[in-house]
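In the two complexes below, chain A is the common chain; its partner is chain B in one and chain C in the other.
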Partner chain A sequence: MAERAGRLPVKKTYKLYIGGAFPRSESGRTYEAEGQNVARASRKDVRDAVRAARAAQPKWAGMTAYNRGQVLYRVAEMLEARTGEFAELIGDEAEVHAAVDRFVWYAGWADKLAQVLGSANPVAGPYFNFTVPEPTGVVGVLVPEEPPLLGLVSRLAPVLVGGNGAVVVASESRPLAAIELAEVLATSDVPGGIANLLTGFRSELAPVLAAHMDVNALDVTGADGDVPELERLAADNVKRIVRGSADAQSPWEIAGFLELKTVWHPMGV
Partner chain B sequence: MAQAPALPTGFELPLEPRLPRIGSVDQVAVEARATDLSRRSIKREAKLFALDLAVRMMDLTTLEGADTPGKVAALASKAVRPDPSDASVPSVAAVCVYPNLVQTARERVAGSGVKVASVATAFPSGQSPIDLKVAEARRVVELGADEVDMVIDRGAFLAGRYAKVYDEIVQVKEAVAETHLKVILEVGELGTYDNVRRASLLAIAAGADFIKTSTGKLSSSATLPVTLVMLEAIRDVFEETGRRVGMKPAGGIRNAKQAVQTLVLVHETLGLDWLTPDLFRFGASSLLNDVLMQIRKEKTGRYQSPEYFTID
Partner chain C sequence: MAELEQRGDRTPIPAAWEYASAPESREIVKLEERYGLFIGGEFVEPRSGEHYKTLDPSSEEPLAEIPQAGPEDVALAVGTARKAFSDGWSAASPAERAKYLFRIARILQERSREFAVLESLNGGKPIRESRDVDVPLAAAHFFYYAGWADKLEYAFPHRRQQPLGVAGQIIPWNFPLLMLAWKIAPALAAGNTVVLKPAETTPLSALLFCDVLRQAELPPGVVNIVTGDGATGAALVKSEVDKIAFTGSTEVGKAIQRELAGTGKKLTLELGGKAANIIFDDCALDQAVEGIVNGIYFNQGHVCCAGSRLLVQESIYEPLLEKLKRRLTTLRVGDPLDKNTDVGAINSRQQLDKIEELVAAGEEEGAEIYQPPCRLPEKGYWFAPTVFTNVAQSYRIAQEEIFGPVLSVLTFRTPDEAVEKANNTPYGLSAGVWTEKGSRILWMAQRLEAGVIWANTYNRFDPASPFGGYKESGFGREGGLHGLEPYLDFREDSADVIGG
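Our next item is the complex of A and B:
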């Protein structure tokens, strides 16, 4: 179709993704990255994101594992449909394909976790003894700088598949893929608040997440600088600290965000 | 928004012909002013001051059919030491319970300075014969309540039988004598700001020490505009007669931010004199935990989780 003469293009404002909505930073700040003005989240945005994740997480964890897997597969579908946009944005179509495949791979794990990571334990007594994995709760994720899309997906998908809520601090230098992915998540039946994406300065946001008493685990894969300091801040409520890799694909990546709970049940009643 | 004069002719009876002539409330202006004042930015030292004050002004309440002596005992302990890990957090003003639990509450708060308030007069509906209401009010005082929260008969009020409502408050006030009397208007059932203002003035004229918004049993309760209408009634009475009547918003105030906004409203309408537990209370159950979380957040700089505060 011919471009209409004199038409003004509608440009996108790059915003945050909190509780299923796309707000600007409450601080009103932005910073420049990849040639765009991107929202620069503040500590209060972190607070709002954690609140949204906490509110949404029980329902997400309560869905059947099969259903959670379907929703993650839906994310892969939506991402696949926008391959062109993402390829243009990050300049690497192979990375987009890898990201789609990663979502599919983790989606398949949703209803297999309990069998592989859980166990029926032999005990000396008339009891069944089971160990079952449960989600840790709200997880803060510091995404690695590179690769911009695959790094994000590799860290986010294992958190979500286990039934956790996530508060993600996107790549600081290459945040656009994260904002695009938020649009994918928003159209994929992922309940609002389960995945929250913040763009901004990691040095500003990471300590707030690490110190937040309502965050249960922190993925420091993308942390630069003082990881021991983050661990110290995270110690007050005994957060799980997870160090992964930017391009990992393993059920052990999921296990890092699960709690193993053991139940005893009397036999013969 | 002062309506002059607040009361058409002086401040005495008969009310029936006078109440309908009380100037009406400007709904749009009241709501706009309440919204404006709620946008004040209260930070750091001012915020800590407001939060500390909110704790000292709190009537920690449990009014459930399922209340047990155990639950009231736990509530009373929390009232005395709201945050066991921080001794600088003050006790609340009072615990508010049903009559049957007054004695339990009294034993638990003895010597702490925390008062015991009890609801009476066929709470929450108020739809009982007056002799029963008076007897109930008298009895809760005998049981040891320091404060009595009575409800007005909204059915009578809405039917225009103002004198009945007035007489009942007068009789209950006589029955409780020196005991602090808070009169619950249940604004959610009054329908209009005009009725809220009328009921406020009626309750004050009948001898209420405090006027209180709601029972907490309705979804619509202590909103900021309703609170403002009642505060302005108190201010108008003060300006006309010099009498200081207290205010207690109750129901629907669940977080610290709402509490601070309400305190801004009080300060702007009535001034510093009313920023004391003697003249202002919050009726709430879940508010306290949020205020405690905010206090700890201000002191430690880190956001808090309800996981680390007591369940109530």
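Our next item is the complex of A and C:
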């Protein structure tokens, strides 16, 4: 064995993030990306992730908006603390700063959405009538290939802030930031199962997510040539299709993952 | 029932009510023998050369011949709408657009009786309903959206917005004029032009509406009406429109979503429902009974948000059912033009077949059927108000949308169980909750997966109130500020614009 000057570093195994745990793909497969062996998720992993998201989502949606905002702010704190690590990984410190700021920006929206997107409705009769936004439920997210961190954060944060559970298919060519981000999420009080991150082949995973009957919405922002087929599959349970922006922040990006509920009650004595 | 009648503090119910008939005159409606397609501000012969007969479903009497628009006709209508859009409508001042819409609202009010009679004639719905609900609400929708036309920047602050272009709109037969208003009013307010396809069986009020447009002097081509069956609708979906708005069955809605996949065209779907109407034991029982009846027998149950699954807390199951059955015996089923009528004719032979098929399935699967004694007219399409008890959640009558006057009764013990059962459907359009406890109403409202929750009321509609579904009941909202969003193009939005 060759002599070494320093100690031999311990290398990280890049795994999936499902239900708050870090399993390997049940298929036992990996692929090489960014010089690492990265888990190559299977259809079964997608289904497991959807089940985890569905199970976790009511609790997340049931938290107070103030509380949800604090958890997302905590994500920003954890991400900030690991700036150096992420900068080294993706080679762009400015992008890391932008990702932190994006989480902070969205964290502040949690308890403002209902006021900006909801309404009190002046109906022509003795009724109190109001409209409030609610989470759509479980959202499938196909994140853009680039930028590796900010693209992911820009799509994930608006899904989470409204109270949804997410199943994310990470950038295929640059997946490491997603797994690193999973470690941030796991230490940020985001309930396990709310954000599930899968690495693997987009063409293999996206159709499974699009066709899954227990997914309520599909974000195709990061999809490329296969959008028509994904949208066709999504119609089987009338999924909401969101075509968002890879690098923007806006309450309307959140609105795509929300339903509007209108409640009527008579007024009288 | 007998027990109730013998109580000393109640006025005994006579054995049988006798009503003198009070028919509304048909005289106000002037029908053409044969109609054209309304394209570019005038009625034109269909290039398809085909027509079909539209009927009065209460008598099966043919009323008029209606064009069956083919793909060529649809393309002409869309091209005409496109030209009207670029030739001035999109550039017209928003205040002018508003004034056209106000005019339309006023003319609908002025001609309300004519529209009410025609709507009942062609659709089979009771005149009391078309007179008091459909027509006034249609006018109110135009009046409401008229006021938005020149205030859009306040509706969506910090957003760059522009009209989409040509909106293709496909509407159902249950509220023909009202659905037309739900579609056309926000589309025009936002600056779009329109090609609208009325339902195959109920085209007449849309064709009469063309005369309202003439009186309002709306520029030609801004609204075009193409009549026909599902093939015409399919042609409209495939045409060069910028947006499709569809109200109808979930099955057709999914087909439309598939057809538009990958085109980037804006889509809103208002689809089917299987709403739970949930009755807690502390509710105001008599009010709840009225709400149940209004929930499922209003408009013969031809209502996508009908309260077709009654969930009753077990402790009040018997008294509630007794009251409900008693109330059903007082419903008047018959001539839609009779002002006493509560339940009119089923809209078509096809719909009647579907109701009969599902009701037979309910009996087959083991549910117990109740229908009040009532004499149904010999001609026309009729179905008596029906209640099914002993219904399991798995029965087809508890799962599938019947779209008729058929109620399936299930029971529950706890609020959690009520929520669980109510949400146990792919649909999510509406729900009802009856309880005198305010905190429970809000608790339930939060947990029910439905776009509209009626608490201690049911089947209320208003232009200011957003309407639309969760899950497989569709997406997008109609009504209110939120109903404008589907008709505007925000594609130029960016982080800079919204100040992010």
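Throughout what follows, the second predicted complex is superposed on the first by the 261 of 269 C-alpha atoms of A that agree within 3 Å, B and C clash if a C-alpha of one lies under 4 Å from a C-alpha of the other, contacts with A are read in each partner's own complex, and residues count from 1 in each chain.
Note that a residue touches a chain if its C-beta (ideal position, glycine included) is under 8 Å from a C-beta of that chain, and two chains touch if they have at least 3 such contacts.
From a predicted model like this one, the values you see are computed outputs, not experimental measurements.
K.L.:
Could you say whether A:237 touches chain B, chain C, both of them, or neither, answering first, second, both or neither?
P.N.:
In the superposition, A:237 touches chain B and chain C alike.
K.L.:
Once chain A of both complexes is superposed, is A:247 in touch with chain B (first), chain C (second), both, or neither?
P.N.:
second
K.L.:
Please work out whether A:50 is in contact with chain B alone, chain C alone, both, or neither, and reply first, second, both or neither.
P.N.:
first
K.L.:
Mind working out whether A:12 is in touch with chain B, chain C, both or neither, as first, second, both or neither?
P.N.:
In the superposition, A:12 touches no partner, neither chain B nor chain C.
K.L.:
With both structures fitted on chain A, tell me whether chain B or chain C touches more of chain A's residues.
P.N.:
For chain A, the partner with the higher number of touched residues is C.
K.L.:
When the two structures are overlaid on chain A, which partner does A:211 contact: first (chain B), second (chain C), both, or neither?
P.N.:
The answer is first: A:211 touches chain B but not chain C.
K.L.:
Residues on chain A in contact with chain B in one complex and with chain C in the other?
P.N.:
In the superposed arrangement, which is not itself an observed complex, chain A uses residues 236-237 for both chain B and chain C.
K.L.:
Note which residues of chain A are touching chain C in the complex, please.
P.N.:
105, 119, 121-125, 127, 129, 131, 216, 227-232, 234-238, 240, 243, 245, 247-252, 259-266
K.L.:
Which residues, counting only chain C, touch chain A once they are in their complex?
P.N.:
Touching chain A: residues 140, 159, 250, 253-255, 257-258, 260-264, 269, 271, 426, 441, 445, 450-457, 460, 462, 464-468, 470-475, 477, 480-482, 490, 493-495, 498, 500 of chain C.
K.L.:
Could you pull out which chain A residues touch chain B in their complex?
P.N.:
Touch list, chain A to chain B: 46-47, 50, 208, 211-214, 233, 236-237.
K.L.:
Note which residues of chain B are touching chain A in the complex, please.
P.N.:
These residues of chain B touch chain A: 301-308.
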